[in-house]
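What follows is a pair of complexes built around chain A, which joins chain B in one and chain C in the other.
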Partner chain A sequence: MSTKKELGGWLLASPYLLSAILFFLIPLGWSLSLVFFDWNVISPVRTYVGLGNFREALTSTRVFKAFVNTYKFMGIIVPGVIVASLGLALLVQHLPRGKQFYAVGFFLPYLASGVAVSLVVRGILSYDSAFNEFLRSVFGSSPRWLRDPFWATLVISAMIIWKLSGYYALIFLAGLQGIPRELYEAAALDGAGPLTQFRKITVPLLYPAFYTVLVLSVGLCFGIFTEPYVLTGGGPRFATHTWQLEIYSQAFERFRAGYGATVAVLNAVITFGSILIIRRVVESWGRRLGFR
Partner chain B sequence: MRKWWQVLMGLVVVGVVGAAQIEIVFWTAPNPSQEVFWRRMAEAYMAEHPEVKISVSPMPEAPTSEAGILAAIAGGVAPTASENVFVGFGDELVRSQAIVPWNAFANWDQVVAARAMEETIKAWVFPDGNHYIIPLYVNAMLVAWRIDILRELGYEKPPRTYSEVLAVGKRLKEVYPDKFLWLRSELEVPTWWQRWFDFFVFYYAASGGQPIITEPEITADDEAAVAVLGFFKTLRDQELLITEPLATGFEEGKTIMTVLGPWTFPWWKENYPELVYGETYVLTPPPVPDNYPADKPVYTFADAKGLVLYAQATPQQRQAMWDFIAWVLSNPEHDLLWIQTTGMLPARDDVGKNPLFLEYIKEKEPALLDYAAAIPYAVPPIFHYKYVDIQELMGLECIYPVLIGELTPEEGWEAWKAAVKDILK
Partner chain C sequence: MVQAKKRGKAKVLALYTTATVVLALMIIPYLYMLIQSLAPWHEVDRVFIPSSLGVRSYTWLFAGGAASLPRPWLRALGNSALVATVVTLSRVLVGSLVGYALAVLSFRGRGVIQNFILFHMFYPGIILLVPTFLLIRALGLYDTYAAMILPGLVSTWAIFMYANFFRTVPKEVIEAARMDGAGELRIIFQIMIPIARPITAIVFLFLFMERWIELLWDLIVIRDPAKQTLNVLLATMFGPYGGYEGPLYAAGVLLTFPIIVLFLLFSRRFVQGVSLVIST
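Up next, the complex of A and B:
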């Protein structure tokens, strides 16, 4: 009986296990084997370079820019996406009717093609767009949205915030719906205003949602690709260069599979480390709130 | 009983032919019109040669056609031959022993002569003396001018030199302050292949076609390169060049000059039928520095790609593929079909002289005559496997800092040379 049960369990888990082996473990092992070689995947000559790829990556200006830019994006995207998604969740929560309809509506940007959205944004921000014509008529000039390092960073961050807010709002909305109404009623009887209720009840009890959104959004900052690829090519002057752009450029434009794999491994290690630090910080906040 | 006997005999015949049939695979560029051309060629060839089965399909773009080719080679599923390979990527394939030379086949010289490409082929010889790529098409990059707007400004023909261009620009701003001379938003983007359509076009014009790199050295004409950078900077300072995206540009008459390849014409015909060659626009070689001799031909960049034969194929497959390619290239009617189907000019020495092509071009697409005339002066991409680094650095170290005024044109050019020297070592 027990063996039958075990077999059934393995059978049910097998599609996941198989896909994990095929699409995760084998590619991971392949990547790890590549990092010690200078190889373009087709040449019969595979040059062993030891830790040479790591030395090159750790002293590369391009990798350094990708590293710095990721935290720059994180500094804008993480707070931005939390404020926007929490705001949306609160808005939907307080709607008298049609909550599901609006929640799904806000989720739609998450499903939109990154390339299509980037092309629309490019049109909106083009020099002769109605938006820029308006800015020039009011302020006398319009920003060089995609050609100035400051504005380009901001535009890409705003696009990602817009894309993710609806999705993360669903996580916050689920958290909000789990907070008992009685707590707010009791607080109101004690004289707590809406702001105090928000600070003392809503925010602490949304800790699990904050935790999830923070970890997801931090991880996402290490995977930014489509928006800078389509809009800026990583420029101007590497201002919007990212880890994924660097991996793509090395592996698929320069055909340096070994070095590309090395950058990917570094990216994975730094992503893992960053998420670990964020988790520790958020968990210490959670412990103070009584969550374990 | 008799029927069964006939069916059995039929199966035997099919089996024998099938066993003797050799199968070869050809990958076309991921461009529907090129696929149509090669499918028609393959069908016609197979009708004459039932012993050969040619499978034609577009090459995968995963995520680029070059990466698709590499993935296929790495996976052991490379085609017998493909088109869409330029010399820089070809150099990478040669270094990886992934392609074999075409000139090893016995009748190579006859095919080169039959296709009238004895001159064109000279620019495609690899350092080891072999021909790994057969040039298929050459798109010389020309400059299109809105002649209707130029006439409004009082000019009957487009400017030739930098000073003349700046004078036209000045007049344009006086009459139409909101218009720009040139829209080139990619000039500030470091994407390597964008340099093919801006710096290289103007550089080859200014330098008389002087190669930028002759491995392993920089052999560029410094004076010409600095002049081009200075020209770009002046255009931007005088607000004649716009480097931000515009929703519409040349087609709507918001700009009056653009660097143009012949692949644009089918799109224009469909979307901007009001753009008529000779009436609304004309084509010229790129503008040149003021001291460039008026009687000297003006060079330009050539977007040129060709055919390669993969080492993974068996000797029998390679021979069969060569026989097919030789058959395609030896008949000028096939090149006429190429022009008719793709709108691009074949890499032939006689494309601007052969009446077969001239008649069709004059009647159907007279703008192509200018492209045909420019082919002898069109320089293919740089011949170095590190072309991505070389061209990306041009944008990063040179063009962008010069445009924003951080470096002078001289300093920008020296910065690029210094950065590239390390790569060429």
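Up next, the complex of A and C:
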């Protein structure tokens, strides 16, 4: 009976274990050795280069661009997505009826394929599009959009904010619904206006939601790929180059498996470190508010 | 009193107006795609509202594209559906089986497996990209459907979701079923999976969507256009198809609208389900 029960657990878990050995542990081990080799994937010869890949990656301007751009994207996307999603959540929260309808509607962008949205964005921004004709008729000129480093960064950030805000709004909405109404009523009796109530009650009590959204959106900035791949190829002049583009281009366009794997390790370490630092900062804010 | 009521009414009206305008903004890209896919070809992108609507872009796609650059668009849609369906069904099934084992059964090594899954879940997948590709190649699976399907058959997130949910099911329910002589598999399929329906709806939707819009992996492992998913075909056709915006929008519609329909079918349970996802 007992051994049968033991066996049952392992049996049920076996599909996971099998897949984890094959597609997690083996690649994991392989990645540890890959980073020390210069290997073009096809040739049978692998040259041991020691820390050469790391040295190259740490001095590469392409990697440096990807590194800097990630924080540039983060500086736009994270505040943007927090403001947008909190705004959507507050809007839905205040509707007397139809909350579900609007919450579901705002979520729709999350379902979009980045490729399909890029298609639309490219079309809207193409030189002789109706949108640009309109801009030229009003302002006399239209920006060069994806060929301009500033606008290209902004457009890609806006696409990501658009995609995520409805999803993160649901996180804020769940937080808002957990705030007792009595708090607002008591504050109103004490003469606190809506703005003070928002600052002193809503924001502090939404701390767990802020935390979730912040960590999720920061992590996401390290994985930007689809939009720049399709729209700009990382350009112009590497203004929208990202970690994943660099890994893809090194490992799968130039077939430098060892170097690509090295950049990936670097990316993971930096992502992990950045999230750790941001979590520290946010948690110290949380402690001041009395959350653990 | 009357004035306060009036002010309240005005406020509600303003709220709904704002909400509706914002909603319109959120779905404009979808509408744009749909409208432009139906526009006459010389008007695509040039006007917001086309002078007439037609299905030329769709018939062009269904006929396989231009003679000079034939592309299996419909086949790509089928590929997307096949890969996403197989992967998602497997992830849901494995998720519920393993989740049940971890949440309900007690066996030696359970704690180890649980910790290992957490490690797996938070291990940055990007590091595995290159070696997993090399593994697929070494197994002789490069440029096959298996390359798109096999590495994705199990989701640690799905396991985690089901395990968390099954822990909330009262022990008595399971004990009673065991007393009646039900085996573990019967308990899973006849009791646990039916109660887990709200979780399944959310897990299925998120995982299906995730697989449906996958780009990087499918780009790497597939070369043959006949095996490409619609997402990849569309992404790689951006440049060479410069002159065919209309059909590209039609392909975008084929790529986007199935997910929306799937979502709207589930949406009744959706908002409450998402709060479950977030709270765990």
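The rule is simple: the second predicted complex is superposed on the first by the 267 of 292 C-alpha atoms of A that agree within 3 Å, B and C clash if a C-alpha of one lies under 4 Å from a C-alpha of the other, contacts with A are read in each partner's own complex, and residues count from 1 in each chain.
Heads up, the rule we're going with is that contacts are C-beta pairs under 8 Å (C-beta built on N, C-alpha and C of every residue); 3 or more make two chains touch, one makes a residue touch a chain.
Just so it is clear, the model here is predicted, and its values are computed rather than measured.
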Joint occupancy of chain A by chain B and chain C, clash or fit: clash
Chain B versus chain C as contact partner of A:232, first or second or both or neither: first
Partner chain(s) touched by A:248 [first = chain B, second = chain C, both, neither]: both
Chain B versus chain C as contact partner of A:129, first or second or both or neither: both
When both partners are placed on the shared chain, which of chain B and chain C touches more of chain A: C
Which of chain B and chain C A:41 touches, first, second, both or neither: both
Touching partner for A:80 - first (chain B), second (chain C), both, neither: neither
Touched partner set for A:170, first chain B, second chain C, both or neither: second
Those residues of chain A which chain B touches in one complex and chain C touches in the other: 41, 122-123, 126, 128-129, 248, 251-252
Interface residues, chain B side, partner chain A - complex: 63-64, 66-67, 70-71, 73-74, 92-93, 95-98, 185, 188-192, 242-248, 254, 386, 388-389, 395-396, 400
Chain A to chain B touching residues, read off their complex: 40-44, 122-123, 125-129, 144-147, 232-238, 248-249, 251-255
Chain C-touching residues of chain A, taken from the complex the two chains share: 5-6, 8-10, 12-13, 15-17, 19-20, 22-24, 26-28, 30-31, 34, 41, 88, 91-92, 94-96, 98-100, 102-109, 111-124, 126, 128-131, 133, 162, 166, 170-171, 173-174, 212, 223, 225-226, 229-230, 243-244, 247-248, 251-252, 257, 260-261, 264-265, 267-268, 271-272
Touching residues (chain side chain C, partner chain A) in the complex: 12, 15-16, 18-19, 22-23, 26-27, 29-30, 32-33, 36, 44-48, 94, 97-98, 100-102, 105-110, 113, 116-117, 120, 123-124, 126-135, 137, 150-151, 153-154, 156, 159, 184, 209, 212-213, 215-216, 219-220, 231, 234-235, 238, 245, 248-249, 252, 255-256, 259-260, 263-264, 267, 270-271, 274-275, 278-279
